[in-house]
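In the two complexes that follow, subunit A is the common piece, with subunit B as its partner first and subunit C second.
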Partner chain A sequence: MSTVAETQIKLTPEHDARPGASVRSRLQDLLPKIVLAPSFAATIVFVYGFILWTIYLSFTNSKTFPSYDITGARAYQRLWRWTFESDPPSSWYTSITNMGIFGFLYILICLALGLFLAILLDQKIRGEGMLRPIYLYPMALSFIVTGVAWKWFLDPGLGLEQTLHQWGWTSFHFDWIKNKDFVIYTVVIAGVWQASGFIMAMFLAGLRGIDGEIMKAAQIDGATTFQLYRRIVIPLLRPVFLSAFIVLAHLAIKSYDLVVALTSGGPGGSAWLPSNFMYEFTFKRNEMAVGSASAVIMLMTLTAIIVPYLYSELREKPR
Partner chain B sequence: MLRKLLIGTALATSFAFSAHAADVKEVQMLHWWTSGGEAAALNVLKQDLAKEGYAWKDVPVAGGGGDAAMTALKAMVAAGNYPTASQMLGYTVLDYAAAGVMGDLTETAKKEGWDKSVPAALQKFSVYDGKWVAAPVNVHSVNWLWINKAVMDKIGGTEPKTFDDFIALLDKAKAAGVIPLALGGQNWQEATMFDSVVLSTGGPEFYKKAMNDLDEESLKSDTMKKSFDNLAKLVTYVDPNFSGRDWNLATAMVIKGDALVQVMGDWAKGEFHAANKTPGTDFLCYRFPGTDGSVIYNSDMFGMFNVPDDRKAAQVALATATLSKSFQSAFNVVKGSVPARTDVPDTDFDACGKKGIADLKAANEGGKLFGSLAQGYGAPPAVANAYKDVISKFVHGQIKTSDEAVTELVKAIDDAK
Partner chain C sequence: MSAVTSPARQASSGVSATTINRIVIYGLLALFALFYLMPLFVMLVTSFKTMDEIQNGNMLALPQSPTIAPWFKAWGETCVGLTCAGIKGYFWNSIKMVVPAVLISTLLGALNGYVLTKWRFRGHTLVFAMMLFACFIPFQSVLLPMATILGSIGRFGASLQNATGFNFGLGNSTVNLAFVHVVYGLGFTTLFFRNYYEAFPTELVKAAQVDGASFFQIFRRIMLPNSMPIFVVTVIYQFTNIWNDFLFASAYAGTGDVMPMTVALNNVVNTSTGVVEYNVNMAAAMIAALPTLIVYVVAGRYFVRGLMAGAVKG
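Here is the complex of A and B:
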């Protein structure tokens, strides 16, 4: 066998035949793997390992400390029961309905507003270089800063309402942040304010990547501006929609800190998201099993939304 | 079992902590008393220990609040690297004691006579299975009214003795155009107020049965419904912006004279002091109407961990210093609370502090010293938080009637048990 290999090496003129070269080339092949190994191992342990651990804990009776005795699906049974307690709403019911409202509006408005702003900015206007960072800048703030700033702005006793009253418009009334039925929409407002500029930048990059020839051809064919965007530009932006959706979906799921900073949970806990629920139950109420179960449900929901979408967008298109 | 799990879960954290070995002559202390007054109060303890040759070392906590500290403590204990002591609240002490990681201070307790000087109700949390595991630092009580005296004089009000008096007083304030009741609409503040309402409506026996023993009959009784009705009455006297307000901002409303009264624990006194107000001339402290003679308490404890033998001497020194009369007096004068032992002279305390000390002593002797459910001294955290949920939902209108409220309360507490 070895002789065959040696002859082959000798037969290929461009291959370096010196001894040790194969070791070096093998090392070169291995180098990326070696470099990536630590972060790969860290991901395996700290992401997937802990996901498995969380799933395990959700079937135990863990309270203050993790317990390793499997005791069945009582945590899930409780969550399932709470899912249907709408009057008065259980904390879990509030959390998941809020997640639905917040996730849907946040993603939809960010996409729509981001696209709209990007199209406006793409009209070759003067001062674009200055306008772009203004819209993008909120993304540089943490959720905590956004939350506190909007909390003051929306507070009827401090912010918008108070100012307008001082200016003489005394019939103006905007107390959503103090209202149990509307507080979740203030979270949407603050969230959209923060993220839409970033989404705009993504769309702007996408718009700049569109071949001008196609646009010109369409214009020559007599397409109106609306048709141009409806039929050509937006379909071409499909990959950007995918990236924006993924970015927004994970921001929506993890916006725990925004809720805390903006509403401290809202009146009677009416602004909770599942992440708030998970933290409260795991760390404040010493019900680690219930907290873990809610985390698992969050993960499964996210998977159920993202995976089919990724699959449909990323699979090879039949040619 | 727990030991195995602690070892198992702690590998990562143990790297971080095992790097340094604890000094024998050092007290390692985990706490979140970092704000001005509290830090100054702790300095007294540091100096007391320094005199005996023990150095003080704060265990750093990222974030600062009690939650972050408890998370840090969990990691340290899981790693088997116990601090000498940690600031702890109520049932946390018992949780850790049940996990077998707390030390045993019974000898010191006997020598110092803690059994007699510390109120029996507090010993429920500092003694586990016959062993002293924690040193109580102070006793806060929550059934207080804090009243702005200038506003009180203006509306011609007098100390309310019954709940109806209180409502009449609030009406007077309303008529005078002042916000009658300063309340922060966060669940723990609403529930803290409700603790007092229940005690006032049902009396001491009822409070104990419902809020400490969690007796189902009492929880769904007409008295409890009446308590919810009374709470609903009180809520009609708050300003429309109360939801989500922090407790110290509500206190500030009383200090400034925007509002007449706040129902809050005696930590509110610290805010009055910080604003240079004197009890009697600038502000008044009364017991919540109808609760005179009883005290609803919560308390800060220093939980003592099962440290290696060579570090035990430092721990004993810390515990002894913590419960010494001089520290108890010096610390609690600053903190606004009252000493955790009933034999500390009240000479250094202001009028409200003197009243607090006398009330605590009387309540202890009369068996009317009860744990605050809202503050986590009536039941474990799962139950206490379920209770806060129900109260908050009632205040903010998710739960509409007092009938519904008691049904929900029974269900929530049952669920969390």
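Here is the complex of A and C:
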């Protein structure tokens, strides 16, 4: 791609050589930047400027309305105190504990299930073209629709429990969605349902990209299928694992809608994630500074994951 | 892969082991297909049942006397909050928000991608990196400032309307949301086009430049005609994302008749007054899901490509 830069350098003097058209050609040279400028400016203002604004607000004592007097890190001190307040758990404690449970299980199960399905689908399956879209379609649905569907499915009086009772398994009991200690696991179930098909597609694309020669060589050396996958295929899929992890971590931290639609926050806010905490404290409980502080913490968590990744991705480019 | 595997296995453990293997694999695949299809199936059959059947029957049973009344009720009569005029208005709200937001963000993304690959300048990587990072931020970190700005734009629009008697659309929730989605969608659209144009032969652009073609001429005559696939990918990606958005929608158009579809659906389902009409709720959910599902069925390949491109940079 360095050729482009060279071209421009070569072309510029040519333009300047014609004095009559200099204004026009100067404009032509600036045009690319002028075209890009609005988007870049919008990013600077509405992304980075707004992030700074949010950080600023987190150091004020804004309640219902923004206040612009810096009053120190009180919001962070409160969050810090709440982090350890487990009896009774503060809603922040609940949110970050849930984030841990949800994030861990969601990422782990999606990766495991996605890889498992991809390997199964990679065994020269007849009807693969039909199965793949079935595994993947949940990704096209909104979290709200997913939440509505699973809310029904997991409702003890209407869904799975009721159905199994009718089929004669009357001792079956499954009321996680109404249980404050288990409601977060229902969010995991619905979340995995939605995203695992996509992770499967990522792994499948990775599997299809593996050089057949390597596999053949291993086969000749007498590797069993299991060994083949454990020793050769899975290590080769490392980049896919990384991408999938980034996608899932990013989805997990941003998760908000699913909790709202599936659980309405759960009994007593027991299904909250930090995103729900932020929304509730900012817009409903008139604790704008605390809400902003929680948003800053979410942002920092995501930044810690994304920036090293983007850095390595963008640095690899010039080969 | 299995073509390589099977002869070796056949030699060592006989044909029957292979057959059992295949049966197990197909069985597992079918089981998971059921897992993914179940919620949609339940939603669909429930939306065609009468309330009587829902309360007394089995969730998985097909409707005994199928009725499309719940769909009509969801579309035209069901209560969203206090208004009982169905979800049709909110459906159109979403359409009116999605169409301009998708078109504008896609076009800007195409231009940005074109500049960032074919008209590079010092620091182009930094510009791209900054726009790319914007894709990943949790939107909670910009939610409140944007609400404040949209509020003041709204007040400004109102006074402007008082002064001039003309409504410029400032402060209109649909306009606000379309604007927000354009701004926060730019990172992704730029990413898509940038990666696509990266692979586009620069020689063509160079040749046209030498022939005296201008910046826009090259874009229109050379880049655009060759960008069909990435346009489809980007439009589908943006459409799905914006249609399905809930956070911005609930923050900036969370009440009244300006709500987009996702917020309205959430309100329908969580309305706790009177008897809960599950069949109507499910029909409403299906209506909310249909646009993206149809796009998925019609252009699934492009949908997947978009997801992949959004996930795997480079």
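Just so it is clear, the second predicted complex is superposed on the first by the 268 of 319 C-alpha atoms of A that agree within 3 Å, B and C clash if a C-alpha of one lies under 4 Å from a C-alpha of the other, contacts with A are read in each partner's own complex, and residues count from 1 in each chain.
Keep this in mind: contacts are C-beta pairs under 8 Å (C-beta built on N, C-alpha and C of every residue); 3 or more make two chains touch, one makes a residue touch a chain.
From a predicted model like this one, the values you see are computed outputs, not experimental measurements.
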item	value
Touched partner set for A:256, first subunit B, second subunit C, both or neither	second
Contacts of A:264 with subunit B and subunit C, given as first, second, both or neither	both
Subunit B versus subunit C as contact partner of A:84, first or second or both or neither	neither
First (subunit B), second (subunit C), both or neither touched by A:283	both
Which superposed partner A:66 touches (first subunit B, second subunit C, both, neither)	both
More subunit A residues in contact [subunit B versus subunit C]	C
Which superposed partner A:226 touches (first subunit B, second subunit C, both, neither)	neither
Partner chain(s) touched by A:156 [first = subunit B, second = subunit C, both, neither]	first
Those residues of subunit A which subunit B touches in one complex and subunit C touches in the other	66, 264, 283
Subunit A - residues contacting subunit B, complex	63-69, 78, 88-89, 91, 155-157, 175, 177-178, 180, 263-270, 280, 283-287
For the subunit B and subunit A complex, residues of the former touching the latter	1-2, 4-6, 9, 67, 70-71, 74, 78, 92, 95, 99, 185-187, 240-241, 243-244, 380-382, 385-386, 389, 392-400, 404, 408, 415-416
In the complex, subunit A residues that touch subunit C	1, 3-5, 7-8, 11, 28, 31-33, 35-36, 38-40, 42-44, 46-51, 53-54, 57, 66, 117, 120-125, 131, 133-146, 148-153, 158-160, 162-163, 166-167, 193, 197-198, 201-202, 205, 207, 212, 215-216, 219, 225, 228, 243-244, 246-247, 250, 253-254, 256-257, 260-261, 264, 275, 278-279, 282-283, 288, 291-292, 294-296, 298-299, 302, 306-307, 310, 313-314, 316-317
Complex contacts: residues of subunit C adjacent to subunit A	1-5, 8-9, 25-26, 28-29, 32-33, 35-40, 42-43, 46, 54, 58-60, 108, 111-112, 115-121, 125, 127-134, 136-146, 148, 183-184, 186-187, 190, 198, 202, 205-206, 209, 214-216, 240, 243-247, 250-251, 262, 265-266, 269-270, 278, 281-282, 285, 288-289, 292-293, 295-297, 300, 303-304, 307-308, 311-314
